[in-house]
Structures are given as C-alpha cells and as structure tokens.
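Just below sit the structures, each encoded as structure tokens.
In the two complexes that follow, subunit A is the common piece, with subunit B as its partner first and subunit C second.
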Partner chain A sequence: MMTIIEECTGDCRPRVGVYALTSCYGCQLKLATVQKIIDISNMVSFESFYMLSSASKMAADVDVAFVEGSVSTERDLEELMEIRKHSRILVALGACSVNGGVQSWAEGEMDHDALHKCVYGDSKLTMQGLQATPISKHVDVDYYLPGCPPEEDEIMYFISAFLIGTFPEPKDYPVCAECRLAGNPCILIERGEPCLGPVIVAGCKARCIGFDVPCVGCRGPVPHETAWFDSLAQTFLRKGMTEKQIRQRMKIFGSHDPNIERMLHSILGGETE
Partner chain B sequence: MRYVKISKENTYKFLEHLKATGALYAPQKISDRFYDFCAISDVHDVEFEYDRTIRPPRRFFHLPDEKMFNFDMTRHELTPVKTQAEHIILFGVHSCDIVGLRIMDAEFLDEQKDSYYETRRKKGIIIGLSCLPDEYCFCNVRRIEFVDAGFDLFFHELPDGFLVRVGTVTGHKLVDPHPELFEEVSADDTKNMELFEEKRSSMFSIYGNWDNLRYFLELRMDHPMYDRESEICLGCGNCTLTCPTCRCYDVKDLPAINQVNGERVRFWDSCQFRSHGLVAGDHNFRATKKDRFFNRYHCKNAYCPETTTSYCVGCGRCTYFCPAEINFKRNLMEIAGYRGAV
Partner chain C sequence: MTRKKIIRPINVDHVARIEGKAGIDVTIEDGKVTVAEMNIFEGPRYFEAITRGKSLEDATAVFPRVCSFCAAAHKITGLQAAENAIGLEVSDQTRKIRELLYIGDYIESHSLHLFLLALPDFLGYPDAFSMAEEYPKVLEAGMRLKDIGADIQTVIGSRYIHQENALLGGFGKLPSKKQFASLGRRLKYLRNTAEEALETLVSYRPWPESEMSRLHLALEPYDGTYSVMGNTVHASDDTQFNAAAYRMRIDEFVVPHSFAKHCLYN
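Right after this comes the complex of A and B.
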C-alpha cells in the first residue's frame, strides 16, 4: 500500500502521467493551473498530460499516475487497466475518480439501460456505456486526492511528498473541524440546513459553508468508516428533513459508499422507492 | 485590589484607547444565534450581552494552525518562525473563559513551557466581563462563576456602567492614564454589584458542587449513557474545537516542491477523531466512536492542580454547538445522580 519513490541520484526526475476518464476535466485543469506548475514541471517529467501537451500518449510508463473521472464506458475501463499496468503509483484525482462523482448518483435506483434511455432516448453512442463507478472498483488505488476539484494545497502536498520520498497522509476528520476553525456560524444547528459537513472529509477549509451554502459532500465520506451517516440522519430528521431528502442528499456524491444505505437502513428503514 | 467605576458612554471611549494599544478583539454577533471574538473596528459593534463565543479565546494564544519552523534538508538546518509581538487585547471575557485560559497556562507555561504560546500570552491583555447564565451554563457547580485571578481588568455590570476590578499592574497601566474616564466607586455601586451577583446566583438551573463528579465517573465507567449517547454522536469534533480548555494538537511536516525546504506546522487536533489515538503498527487505543466519546467525558472532568478546578469550566459550548444536540450537563448529572433542571 505505502508505495513511495526511492532515493535516486543524477537526472532522474520522476515521470508523471495525468489522465482523464469520464469527467469534466476540471481536476486536470486545476492541476495544470496551480501557482507553482512551472516548479512542478521542472521537478517532474510529464510523460502524459493532455491539457498541457498534445504530444501526450495514453498509458505512458510513469512513476505516478493521476487519474480523474469515473469509469463510465467500456473504453474508460480499458484505459484505466492500461494506466494501472504502466504506473507504479496510482492516485485517484477528484470526486469522480475517488467516489464515482455526481454521474453515479442514480446508482442502485435505475439500471444503466433505463438511465441511458431516460437521458438520450433512442440515440446511439459510439461507445458502450457503463454504470458510473469509482476507479477503485476496478483497479488497486494507492492514494486518494478528493475534491471537486481538488484543493491546490493538497495537490502540492501530494506531489511534494512523492518528491521527497514519503507518502501523503490522508485526512481523516470532517469538514466540521475546518468550519469551526474558520469561524463560520453552524448553519446546520442554526437553520437546519442539510449540511453534510459532519460526515465529509476535510480539506476544503469549509469553503461552501463560508459562502453560507451547506456542504453537499463533494469530497466524499470521511475515510476509515468514521462517517456516521446514521447519526447525521437522526439529526436531519430532528431538523425536519424527510427520509427521501436525507437519502438523496447523502447520495449525490456518495452513492457508492456501502455504509450509507446500511446506516440509513438502521435509522430510516429500507428504501421506499 | 483597586476598584473604579466607568459609565457605559466612557466605556466606548476606553475601548477606543484600547484599540490604540494593540489588536482589540471583543464579542460580536456573527449570525442569529452565534457570537465570536472579532477584531473590532467600530467599538459600538462590541456585544456586552452575549452568551458564548463559537470559537474559544485560547485560539489567540495557541493558534489553530501555526508554522513552527522552516527546515532545510540539505544543510540540516532549522529556522524558527518568529512569533509576532503585538499586544492582543481580549475584551469581554467571561469568568469561565478566564479560567479556561489559566488551564491553558497550566499546560503551556507551567507543565512544559511552550515558547510560541508564551510569547503571545505575555502580550495578551485580558479584560473580563460579568454575565448572567442561560440553561447551558454550569460554571457555578465548577466553582468558577466568580474569578479572582487571570484578568487584568474585570468589568461588573451596573445599571449605569461598570464597576471595574483592577487585577494586575497591566490593568493599572490601562486605567491610570485616563482619570477623566473613571470615577470612584460609591456605596450604591457596591450595592448594585451585590444585587447583580445575587441575581446571577439565582439564575442557574442547578446548584451544588460537582467536586465529587470525577469519582462517580470512575466508579460508573460501564454506565449505559455512553452507549446510548455515542450512538447519536457525529464524531465531528465540534465539542472539542469550541472547548476553551482542549489542548490537543498534531504536528505535520510539509515539504516544499524543491525537495530541499519545508515547514513544520502544528494544528488543533481532537480526541473525537480516529487518528488521535492511532499509534505505530496501526494500533489505536481509542478504536471506536464510543471509546472516543468516553475519553472526553473523563478528560474534561479530571482535576487541574494549577487551577484546583476540573478541566471543564461549565461554559456550555460543547452542548450549545453540538449538531446532534448531545447534552453534556444532563449526561454528567445522570451518571453522578445530581438533581436539578437540565
């Protein structure tokens, strides 16, 4: 699990690949536009990064691959397999890659063919679609860099950690912690807003709540099974939310988390639809 | 101790003088229900009748996120970060929070001197303010509803101003240059202070002395309350991050992109988080949510020898700011068998 780059001497810049599966390309745009992108490109060799160079190629041999997007087509799946084969370290980059993203919201409620028909009618696609899934459903993932898009300081932390030969330590505490330290009033307590801050992993410095918008959960659940959806569902019920609202809210970005349905079931009972 | 009186109007003038002395922070309303210590630009924004701030005053001296030093890995050198030396003036600190700061001092000055904390704390000026309890307050059973140390000045509300206790030499130096703002305390003022004290004492929802609480907690470690309430707990850390006496922090090295430099930072941690109890070999001495929940109840009710109080000062924040509405006071009363309104 703890794959790191060994020490080396001479000209041995780590080779890095940045790839996109089905996604909005926002994560690699974020990576391409961090303030220190020039410093990064001096320290690493980008073997593949379509947003920076059209000379990129799919599945170059790299030390670290950053993969954004969910597996939503057969082609995504094939490409992901190739990327894994050619990469020493694989980092899931962003909400789609880490948790499936909003495109997997309907997971479990509709089968893929029904979903396709609902959105595209009878039109044909040139590729075979799949139910959108996080990349960890298909390959081993070494590290997770969540966010929609990921935060600049975390991108820098990950790359810096790889460069000095250690591994990035994931956060295991919720948005609430950063929200309190940021000095925001709690809109869940005060107004009963459907804020997912208590179960979503920190790192965004509670940006949305800072703008008076409740957390929608883009960064995904706190890891290590410490996202207590059951307790939050009880709180939401007390605040007057309906079972349907609670379930939908938690699944926008988290529909693949097996704990959500299990924990909600203990509080709300089974799905009604 | 010296006592002086100041009118409400002159208090605003005094606050203007304080602003010129250093960075002035005082309670302000930040939303419908919440207050915070905010940097004051207009002294008329200061809220004299507030219940509790969402962030505890310890954050001014033990920063929530602090760079400790820069390092150079090729030259094996550390460059300490110089702590800023501006005066930090906290106006309107309630007695619970003053004791909270003394508990912080016990940890970061007496037990193990922390230069980062010490530099800021020495520059700190603490001005207390009397208050009336709401249903969340239980500072009285913690024996700290009236403080006799830990402040430079303490403002006691009177019908027509404040009776000010001058607690330190620094306090004298704040008052002495402004004789035009202060007057002598009259017998009526003292009577009014007595009436305010009486009124406050009559308003608590519970009475007594909780000094034996920690023994009941030890004797009833298997109390069913822990199971019941930790089920509801979100593990979000709000209780510890808003607490005026939580002192846990974590330390992390952030390497720079050049593979040479980096910085060591420390930031507030919480015993409610999984990694707080995580040690080498992936062992965790507080592996479950219940373990972590249990820990806070026992840590907060332990005894601080320097202040001769419990680490919990009864400010009510952990209940007021709990999204799951877990009632700390009620749960403690249940374990110890204390009677009174919850």
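Right after this comes the complex of A and C.
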C-alpha cells in the first residue's frame, strides 16, 4: 500500500517537516531555494525546518517529513525514531539519507573506531558517533528522493504529488538513458572515462556528461537491484582501470547497495587493500 | 550567614537558522558567566579518514560535500591541495575562472546567511516566510543576489551545490563568451540593488557591540584585488604567515562536548 495524503479541500494545508541528521545541508538548501518556494510555503505548513525557522521542533506532528542525512550519531538515531513516530509519510531526502552518503565511502574498509581514531586520536567525546548508515536501515521509509543534492524538478514533483493526494513514482532507469537522449557522445566507450552512468539512477539529465565530466554517481545506484556493477566493472577493466580504482569509485555513493560487494567480487575477486 | 549562590543555566538545545546542528550551554553564577559552550552535535563525516588512499579525482569530487553553502570553496581548496601535492601548475585562465566560481559561492552563501537566516532575527520573525509579506523588498533583493551567485556557479561549475565541472588541472567544459558576458551584465545591473539591500540590512542593526577580545584571520588576495584567493594569512594582531605553514600556527584540539574541533592561534 502506498502512503498518500488525501486531497484536502478548503483551508487544510499539509503539515511538512524538513529535518537533518548528519549531512551537508545541501538537500534542504536545494529545497529552500527552488524558484517556487514562497508558493510552496503558502500551500503547506512547515511545522519544523530548523535550517530556516526558529519555530521548529524535534519532532513535530506532520503529514510529510523530509529527512536529510545519514544516521551517524546516537542522537541521529533517537531523532530519526522520533521523526518516524510523528510523521505519516517519511521521505528520505538525498544521497546521505537514501544511500548513506559520501560519509559511507570507507564502508568495509575502516570501522567506526578506526575513523574516530584517525580524526580525533585518543580523545574521548561526550557524544557517540556511529558508522554512517542510510535511514532505511533503521525505520520504514515511504519514498526515496535521490541526489546529492536532489534536482529541483524532482523536489517539485514530490511536493506536488503529495499536494494533489497521490504519490511520487521513483525512476528506475540509469543516467545513460538520459545521456543518449541528450545526444552526448559516450565518453566511457569513446575515451575510457570512468563514467558511472550505467549503474546510477537517472533524473539529472546526465548533467555532468554535458560538461564532458564523467558521472561520479551522486544520484546513487538504480533501484530494484538493477544496478549491474559487475558488467560495468568488466567494461572498466577493459578500459584499463585498476581493480582498486573501480571498487573505490563505485563505492563513493554505492557502498550500501545490497549487491555491490557480491557483483564486484565476481569480477574483481576479494576486497583489495 | 552565607548567601546562597544563584546559579542560572541557559540552554539552547538546537540553534535554528544555521548550517549545521548546534546547541549552546551557558551557566551564570552570581551574575558572572562561568560556562559558555557551543555544542556542535552535527555528526562527524570523517572526511580526513575516508579519503585516505583514494584517487585524487575521486577525493576531490567528495570534498565539496563537506558543506553545501560553501561547496565551491571546499572543491577549489581540495583541488589546489591536490595540485600542490603532485606539482601540477594550472593556467592563469583556470585560476581566474575558479576564482569567479568561488566569488559566485561567496555571493550566494553570504546573501543566504544575511537575508534568509539572519534577517528574520533582526526584524523579530521566526523565518523569512513569515517576513515576506511585511518586508518583500529587502527579501527579494537578497534573493536576487543569491540567484546571481548561484547562477555564476551553475554556469561555471554545473550547479550551485556540489559543482562537478571543476577538475584537477581545469574544467571539463568552459562557459562560452556569451555566457560570461551575460553574467557580467547582470552583475552590473544588480550593483545598486546590492548596495541598497546592504544599507537596509545595516540600518536595522539591533545587535549590541561586542567588547570581547577576538582574533580574525584573512587571506591576502594574491593579486591585490578584492579576491578570495591567496597564500598569505594575516591575523588581526598584525602577525602573518604562509598558508602552507598553517599547522605551525594553528593548533587544532578536541573538546569533549563538540564534534567540531577547536583551534588556538600561535
């Protein structure tokens, strides 16, 4: 069953919360700076939005909560639980929340103690950090809005879908599809650039390739377990990339994908270090 | 008879309208502040650790994710550090276009902070939305400044949060002359708006003068203009040092109540 808000008539305005766990605030900033933000603020009631408003609370009773950031501290986890309890619909907003974010890059390579030691040495803190995880590891997530940061049109699509009482449908095809439509030359095949387009979910209109820059994967792996890391790894090998380069690049935004280790293992063998 | 000590704690557990998550704890004993702590509970993302052993291309793509408001600063600083490490000299053109990207970030970030985050405090509103009806003009001016800053970054860097079109040694694709010219025209056109908005902002001025002793650091622009790039750091106590030697001058240390480290100068 999809969770939707019933269309409201008259004065009712959906109550919305925008929250951050551990992040760079970029997804919220993107949301706060869409061209129609003033119109949106007239149509919904922001019950909590710490980045923009001192009339915020953790957590407010809302119809829709947008949650940015990974769970990276014990406090994040407590806040996430509170948010879930007080929200009818919970949307994971952006790569940190959906995929664990770039802070998960060393997943499988360094555990939390090693990370802590590298940055804080032997100093003890009164707060407890955790290995970064996507929010879906801890709570039920209703919808995923990918991107680092998400695209304006997708943010508008999600908000509009909720406003008219329906639900947003996720994209399930890769950046390559949009790249072909845009008429770009394929810089992976033609020049051997380390482009992650084949395994990354579309929605950015292949922005980077338009700038002649290979996709770094910021929108995260294609959902429904259809990101074929193995076949892309094979192509990368043929183009002369090393096993280490392939593994590391795919893990910038993909380290929590359930299939990545298995697929990379089948092509590259064991974890290289 | 001993007088009872009057202890007053003030706790703000979540400071709003900032980029990041922080609280403030203050304790006042007999009219004197005895504890004043800024508690940064924004979780750590361990950038120093996770980028170890990674390729320069991938690491420099990750660095801007430190902060969305100043992503270009983190991108360019990371690129410069990587280029210094491998002895890669960039062309004057690259340096200038990077500088422009950085200035775009500067304009955007400062406009957002001043008009969207700070201004509601000056005027007694919880946020910019509730202020919009009463003060549309100054808010609109602030947002137009934010927009030009964002557009400079989009044209040069591919987008205004986490620019991917800034690479080791240069750019993937450069903007056309026409795009630069159009940005230039808009900037000229916005000059009056900017000055007026700033005057309005300063005229509200509800904050008290601080008499606390403090230290400011700033980069000396490399070319004597009002730039944000350079190699010499000046301190307000009249000392200066080379940016590459910062570890000799700035001592980072961990405080138990904050994920952000503190620093001591000299």
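Quick note on the criterion: the second predicted complex is superposed on the first by the 268 of 273 C-alpha atoms of A that agree within 3 Å, B and C clash if a C-alpha of one lies under 4 Å from a C-alpha of the other, contacts with A are read in each partner's own complex, and residues count from 1 in each chain.
Quick note on the criterion: a contact is a pair of C-beta atoms (placed from the backbone, for glycine too) under 8 Å apart; a residue touches a chain by one contact, two chains touch by 3 or more.
Everything numeric in this text was worked out from a predicted model, so none of it was measured.
Of the two partner chains, subunit C is the only one touched by A:Trp105; subunit B is not. The wider contact with subunit A, measured as residues touched, comes from C rather than the other of subunit B and subunit C. Applying the stated contact rule after C-alpha superposition, one finds that A:Gly183 touches subunit B and leaves subunit C untouched.
Looking at the shared chain after the overlay, A:Thr33 reaches subunit C, while subunit B stays out of its contact range. Shared-chain residue A:Met81: touches no atom of subunit B or subunit C. In the superposition on chain A, A:Leu52 makes contact with subunit C only, not with subunit B.
By the touch criterion defined above, A:Met43 reaches subunit B but does not reach subunit C. By the document's definition of touching, of the two partners only subunit B reaches A:Asp172; subunit C does not. Shared contact residues of subunit A with subunit B and subunit C: none. Contacts from subunit B toward subunit A in the complex involve residues 30-34, 36, 54-55, 59, 64-65, 73, 231-238, 241-242, 252, 254-259, 262, 268, 270, 273-275, 289, 321-325. Those residues of subunit A whose C-beta lies close enough to touch subunit B in the complex are 36, 39-40, 43, 156-157, 159-161, 163-164, 166, 169, 172-174, 176-177, 180-181, 183, 185-186, 188-191, 197-199, 224, 226, 228, 230-232, 234-235, 238. Residues of subunit C that touch subunit A in their complex: 14, 16-21, 41-46, 48-52, 54-55, 57-58, 61-62, 65-69, 71, 112, 116-117, 120-121, 126-129, 132, 146, 150, 158-159, 161-162, 164-165, 167, 171-173, 253-254, 256-259, 261.
The touching residues of subunit A, counted against subunit C in their complex, run 20-22, 24-27, 29-30, 32-33, 38, 41, 46, 49-56, 58, 69-70, 72-73, 75-76, 101-103, 105-106, 110, 114-116, 118-121, 123-127, 129-130, 132, 148-149, 194, 207-208, 210-213, 216, 218, 245, 248-249, 252.
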